[in-house]
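One structure is given below, represented as structure tokens, and several questions about it will come after.
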Amino acid sequence: MFVDQLFLALIVLPFAGAILAATLNGHAKTSVRIAFTVSSLSSLLGLAVAFLIFLDGEMRWELPFSSPFGPLSFYLDTLAAFFLGTISVVTFAVSVYSFGYANHYEGKYPVGLLGAMFNIFFSSMVMVVSSSNAILFLIMWETMSLSSFFLVIFEHRQEGTVGSGLFYLIMTHIGTAAIGMGLLLMYVNSGSFDLSSFPGAAQGMSDVLRSAVFLLWLVGFGAKAGIVPLHVWLPMAHPAAPSNVSALMSAVMVKTAIYMLIRCCFGLLGVQDTWWGITVLAIGCVSALLGVMYALIESDIKRMLAFSTVENVGIMLIALGVAMVFGSYGLKELAGLALIACLMHVLSHALFKSLLFMGAGSVLLATHTKDMERLGGLAKRMPYTGAMFLIGALSASAIPPLSGFISEWLIFQAMLQSFSIPDAMVKILITVALGTLAITGALAAAAFLKVFGITFLARPRSRDADEAREVPKSMLLGMGLMAALCVLAGVLSFAILPGLDQVSAPLAGASIADSLVNGIEIVPTVGEFSQASPPLIAVIILAVMGLVLTLSQAYGGRRKVVRADTWDCGTPLTARTEYSGRGFSNPINRMFSWVYRPIRTFRATRSPSPYIRTEMRYTSTTQPVFEKYLYGPTEAGVRWAAKKISVIQTGSIQTYLGYIFVVLVLLLVALRL
Amino acid sequence: MIEIALISPAVLAIICLLLGRHTRAIEAISVAGAGSLLVSGSYLAFRTFDEGAIDEGIWFMDQFSGLMMFIIVLIGFLAVVYSVPYMRQEMATGEVGKRKVSYYYGFLFLFMLTMVMVVVSDNLGMVWIAVEATTLVSAFLVGFHNKATSLEATWKYLIICSIGISLALLGTIFVYASSLPVLGEGSDLHWTSLMAVAGQLDPAFLKIGFVLVLIGYGTKAGLAPMHTWLPDAHSQSPSPVSALLSGVLLNCAMYAVLRYHILLTHSPLGGGFSSGMLLLFGMLSLGVAAAFIITQKDYKRLLAYSSIEHIGIIAIGFGFGGFWGVFGGLLHMLNHSLTKALLFFGAGNVLQKYGTKNISEVRGVGRTMPFTAALLLLGALAITGSPPFSIFISEIMVLAAGIGQGSFLPVIIYSGILVVVFAAFMGHVVRMIFGEPPPGIEKGEISRSGLLPMVALAAAIMIMGLYIPGLLGDALKELIGLFGGME
Amino acid sequence: MVNDLSLDTINALAALILLADFMLVASSRMRSLTRIFALQSLAMGGLAAVVAFETGVGHIYVVAVLSIALKAVVIPRFIDYTADKIQVNREVEPLVKIPGSLLICAAITMLAYFVTEPIMELGTAITSNCLAISFATVLIGMFMMVSRRKAITEVVGLLVVENGVFLAAVSTTYSMPMVVELGVFFDIFVGVIIMGVFAFRINRTFETVDSTVLRRLKD
Amino acid sequence: MLTSMVQALLVLALSPLFTGLIRRSKAYFQGRQGASVLQPYRDLAKLFRKDSVLSHDASWIMTITPYVCMTAVIAAALMVPFITDSSLGFVGDLIVVVYLFGTMRFFMALAGLDAGSSFGGMGSSREMTVSAIVEPTILLSIFTMALISGTTDLSGISRNLATSGLDLVRPALFLALAAFFISTLAENARVPVDNPSTHLELTMIHEAMVLEHSGKHLALMEWSSMTKLLLYAVIMANVFLPWGIATDLTAIGLATGIVAMSLKLLLFGLAIALVESSMAKLRLFRLPNLLTVSFSLSLLAVISYYIL
């Protein structure tokens, strides 16, 4: 009962906050305070609800009025609670961060509306994971899309923002259409809009129909999750949005799609075919690899982070795909393991990606630019932001024992277990996926190294960067919270994993908590295949670090540290003698030029001597492959067809009467025949 | 009882025409009269919802008429309320004189009278007369501005709709012919008496009759390819009239078609023939409208084409049939009226503020008229089928019907086109609302009172997005039985 | 049972109506257009009167009288008046040349027979064989509207369509219930007047009634 | 626990010797006299006694990097079996070890960028490019061994392989070994990927990154790199060819272990020196070919494990 009331409060509170914030739009400071106080309170509520559900197991609740589609009910099991918890944690930190961040919009944009939409966005995400009625779910799904759309176009007077937002809205709408069709196909077979009736109906459906539903959902939710080639909106929308919003979108909104994919493939449809899992796996691999490759060559911090989200969604799908493959062979424990790995990655990605986006927001706030090529030297000017951004980057690069490492480690372990699968071809496919994942990991490290190194290290590349100052305390607090969680979720993962097992056990059909966690060790397998202990790794690292510091100080005595200029062959040290971000990624750009299809031009002005060039110009741009070869032609095709059709409106009344005449004659003849 | 709903607009029209230059008095009487019409019309509608059909000889109302009646009086009332500030602004800018204003209100009430007559006439011949009368009356409203373009629109409207309606008369004759062998000389062309013997009507006559009626009334309803007059007429008329034309008149024409559809469903022919025809024309309308929405440069025409699209959806809903198809179709008639009226009101504000119908010349409405912009954006989202607004509900019902039928090709085309329309429509509207307004446009709403009907409509479509009032829901379910959607 | 003379008269009048259709298409003068239309309407009225006489249904007489009064007298006069007033060029100016039009009309007539054949067999009325002619009249009326330039010719075309519909009513159902029939006449009458009003206005604004210039509104 | 600590210390202590050995044998192959095998010890001792110079532009990253690198290799050393098959394998398995090396590389590359010189940036950029393919190769080749031996614990792999005689030997093992060997060269800045003794900045990879370190910091960087090299050799020895490793702590076992390890290390040292003497450094943009070959080998290794 208590949970019900908390849940009710969780629904009502953000809406009340939104309305209040919108009404007080005129008083910017007050409305910011109200909006984000409410959102942080309601996220705490969400956390409490999630926690209680983990204790109780599940919760069902209905809206007091009925609809033509049956009761509008909410159902939360541990899976939903896990996502609710993740959403809440991230929202809490981002809300704290927003106190400081939202203030800089004061006087430029209606901040109250930002706060209001922020609350609605949070609330819609909560309801997406908790809706049990298909139509209610669709409504909340679109509310989530719409509210995030409004948040994306918040800075609508910026060049390109509205266009990016629109593209996002359209992509997500296409997804919704596919999802809706899938849900309705299920409804037609189950006779009820309640999601709980779907698994039963799925049993009676033909293979073709069930696969159709699966593919529709894969496309629909994939569009939201940002799978390649439906990912194009991410690097457009995330940079356009205010940073606190991009943090939420990237860290948790795309996760709602992962949530639904897990829910659909394991709950609603039941894992049936191996090729489903292989499909998800393949999509995951392509997304992970292409995502990280584009992240690597990007020089806009937020775009880079968006591409990294594509990569990480890919990794989650790899884990999910492996889980589905295991499930299809009845290897329940292993399916559970892969699912836990997937969930762990969901959690760790939520933590580090929100941290990184908040960090990017801080940089943007302090320097007014998110172009790495204009940044640099921020680690000295904004030490706290720098340190926390580094923690995020380390977690994203899977540096042990941070949370990002633990999840990647678990995914590797799950994939290594593929030797239990009877089919050799499937084993080989999973091996290839494993190789892809390994390359992805290495490239991700390079990408995050680049974003941190170019942005925060060495000399500033512009005056804005030179004059950067540390951001307000509330923003640091928000980031600090996430940074601490990045570390803790890794080190204390042995305490988190049994909780994740509670989530995966009902889906995969087997609980592996007993074997998975042995004291402070994690044994992610059947038998003695492998193990690791994140807290011990942390302890060892700290101990060795202490030892190294002490001993190296002791040996050779205390030596002075002299400050001097960097050696650079005697050339003057300016921003232009530093290595640029583009230069950093150039070797990889060249190595994979068949993917990037870079367009390079080189022009030098001619002068009398061939050895003396007065001016040289080198440009290199990467072709937006998907825009150019997929979206561009599609849009052009639709427009072309529309143009052709619109010829019929000639303006001549004779033509118009002619249409009626022709239709009449045709129909009369058809009737006679 | 039903006569009240017929007499009062007639009386109001005469008063308005007589009062001439007393603009203030006309305004007061119009609003009060439209209000009382709303009360009496709604009373009739709810009586049908509550107690079932009211049969008063030549006047007959079942739940279907009730639904239509409710739409007419509601949108009519809101249009009158919106007209007051709209016409004042037109007078202030010197567009129209006082004398014309009295004509405007007079014809507005006559227009409502003819539409009410369409839905309360039992006699299918009377329905025809009333539909033709709507054309004749509204022609004056379409041509109200007396500009070259509005005259052109009026001419096309008159000629194309008249030719269409002649075909509908031919169709009516055939349906009448089909009843003669059964009812003999006693046949009075009353829908109720035809329904009573529906099982014995001659299928061959019904078939050709329905085809002619569909082309005929379909012209009036804006089904492609007979829709050609619609974008012209709807974009050239004053905005409150556009709201009535798009939101109500199209429904009335569709109502007439559907009466025949019901008849055919109960005849030996079964519902398959007429459903198939509705589906065909619905799909055509959807496709054609989508093409024009993509390439559109004029926002009032954009709304007009959107009306064609939605009439298409309604036709598709009834074409799919079954519980959800009919439910969705009926609900969509209501939802589309509410939403389209909201959008035309919003477009009226924009037109009066910016003085242009060109989408590319309208920028930054959010800055100049924040409330209109918000309502417009909300309306745009609603009309393109975004939840949590009501059109989403009816569209998803239609989709459910299609999927339930297993007609996958139409379903795929339907959803594909809806997505494309969404993209194109939002593309236009979002560009109008955001960005920097062009220089020389003052900030500030046209009028506060003009926003009231818009707010009411917005609230209605939002509430209907999640919740359908029990009485309405029950009435619609009764109707589903009538359409044969229950089996 | 049925008077042979009546039947012959009906058939002759129907043939006259069809002939009028062709004459309408063939005529190149505005004036003759209205004359032929009046003639056609007269034939219509006559046909209705014969049917009234044959069936003994009283109100068909009223219909016949109204038809003759309105369509054969008042409306042609009104159109002539309007045309004079706005000084329409007396040429019809077809978009499709007259020989071509006539061939098309012949094809339309065959088509009309083709599509109405099964229905005519069903018909119980003595006049049911006029149905093909009524369809032909409707379609030819529409064809006139499609292929002629002037606004006034469009109105005439529309009236021809109405005549076709009227013929269909008489030939299949011996006309419709009285109240409906009156309403229809009223509507047609008002419609023509309103169209006349707008033809005036268009002429004033565009200085022509050539409806092909009405092409500003398009996409 | 204690054994692994002792072994880690041993690795740390012996790493300069291993580097000295390679340099010496390389000199021999090239017909030079070369410095003593103990020269690296002297270099380190000298560096430890010198002051450090830090760039004005560098941040705290530059300062902590030497310590982080040293910590990472020592932590890795604790998890790798050396003379005996016992290590802290329950703390971290082979993936942890590989990612610890990754940590080291990450910080080294950061420090390369930190000073703001174009050489450091170039070094970092190239290092990350190379590692993008090398790291997955290493993972895959060790995974092959994990599959063969049924565990991902490095000690476990050694133990299972060593105690089962030749039962577990498969073609996959050799493919994986070849891939791992190429990766070892690439990861430890050896010819043909990098030249450890180059003096031309434009050809540097590893040296360019540590260009701005000096004194004690440089000593730590150099030492950690040497240790990393030895660790790779040890992994190669104990994972792919673990026969002879001490599976118990008896005197005989230990003696065999020490002898076997010494022989194997000597062999690898010679092999590396031979390669370095007989091959020229590849151009940077020719490298992908070589690295892709090694990656394909490792992938082939796993696949052949399943097929054969």
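The chains carry the letters A, B, C and D, assigned in the order they are written, with residues numbered from 1 in each.
Assume contacts are C-beta pairs under 8 Å (C-beta built on N, C-alpha and C of every residue); 3 or more make two chains touch, one makes a residue touch a chain.
Since we're looking at a predicted model, the values are computed, not measured.
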> Chains in contact with chain A and with chain D: which ones?
Replying inline: none
>> By raw count of C-beta pairs in contact, what's the busiest chain pair here?
In response: A-D
>> From the mean C-alpha coordinate of chain B to that of chain C, what's the distance rounded to whole Å?
In response: 31
> Per the centroid of Cα atoms for each chain, what is the distance between chain A and chain B, given in Å?
Replying inline: 44
> What whole-Å value do you get for the distance between chain A and chain C if each is reduced to the mean of its CA atoms?
Replying inline: 69
> Any idea how many Å lie between the Cα centroids of chain B and chain D?
Replying inline: 78
> Using the touch rule from the top of the page, what residues of chain B touch 2 or more other chains?
Replying inline: 155-156, 159, 163, 167, 208, 231, 292, 295
> Which chain A residues sit where two or more other chains touch them?
Replying inline: 646, 649, 653, 657, 660, 664, 668, 671
>> Residues touching two or more other chains, restricted to chain D: which are they?
In response: none
> Which pairs of chains touch one another in this structure?
Replying inline: A-B, A-C, A-D, B-C
> chain C touches which residues of chain B in the complex?
Replying inline: 58, 123, 125-126, 128-129, 132-133, 135-136, 139-140, 143, 146-149, 151-156, 158-159, 162-163, 166-167, 169-170, 172-174, 176-177, 180-181, 185, 187-189, 202, 204-205, 208, 231-232, 235-236, 292, 295-296, 301
>> Applying the document's contact rule, which stretches of chain C touch chain A when the two form their complex?
In response: 95, 111, 114-115, 117-118, 135, 139, 142-143, 145-149, 154, 211-212, 214-219
>> Please output the residues of chain C touching chain B within their complex, sorted ascending.
In response: 57, 118-119, 122-124, 138, 142, 145, 151, 154-155, 158, 161-162, 164-165, 168-169, 172-173, 176-177, 179-181, 183-184, 186-187, 190-191, 194-195, 198, 201-202, 205-206, 211, 214, 216-217, 219
> Across the complex, what residues on chain A touch chain B?
Replying inline: 65, 67-68, 72, 135, 138-143, 146, 153, 156-157, 162, 165-166, 169-170, 173-174, 177, 180-181, 184-185, 187-188, 638-639, 641-646, 648-649, 653, 655-657, 659-660, 663-664, 667-668, 671
>> Quick check: in the complex, which residue numbers of chain A touch chain D?
In response: 376-377, 379-380, 383, 386, 390, 394, 397-400, 405, 409, 412-413, 416, 419, 424, 427-428, 431-432, 434-435, 438-439, 441-443, 445-446, 449-450, 452-454, 456-459, 521, 527-533, 536-537, 540-541, 544-545, 547-549, 552, 555-557, 559-569, 573, 577-580, 583-588, 590-591
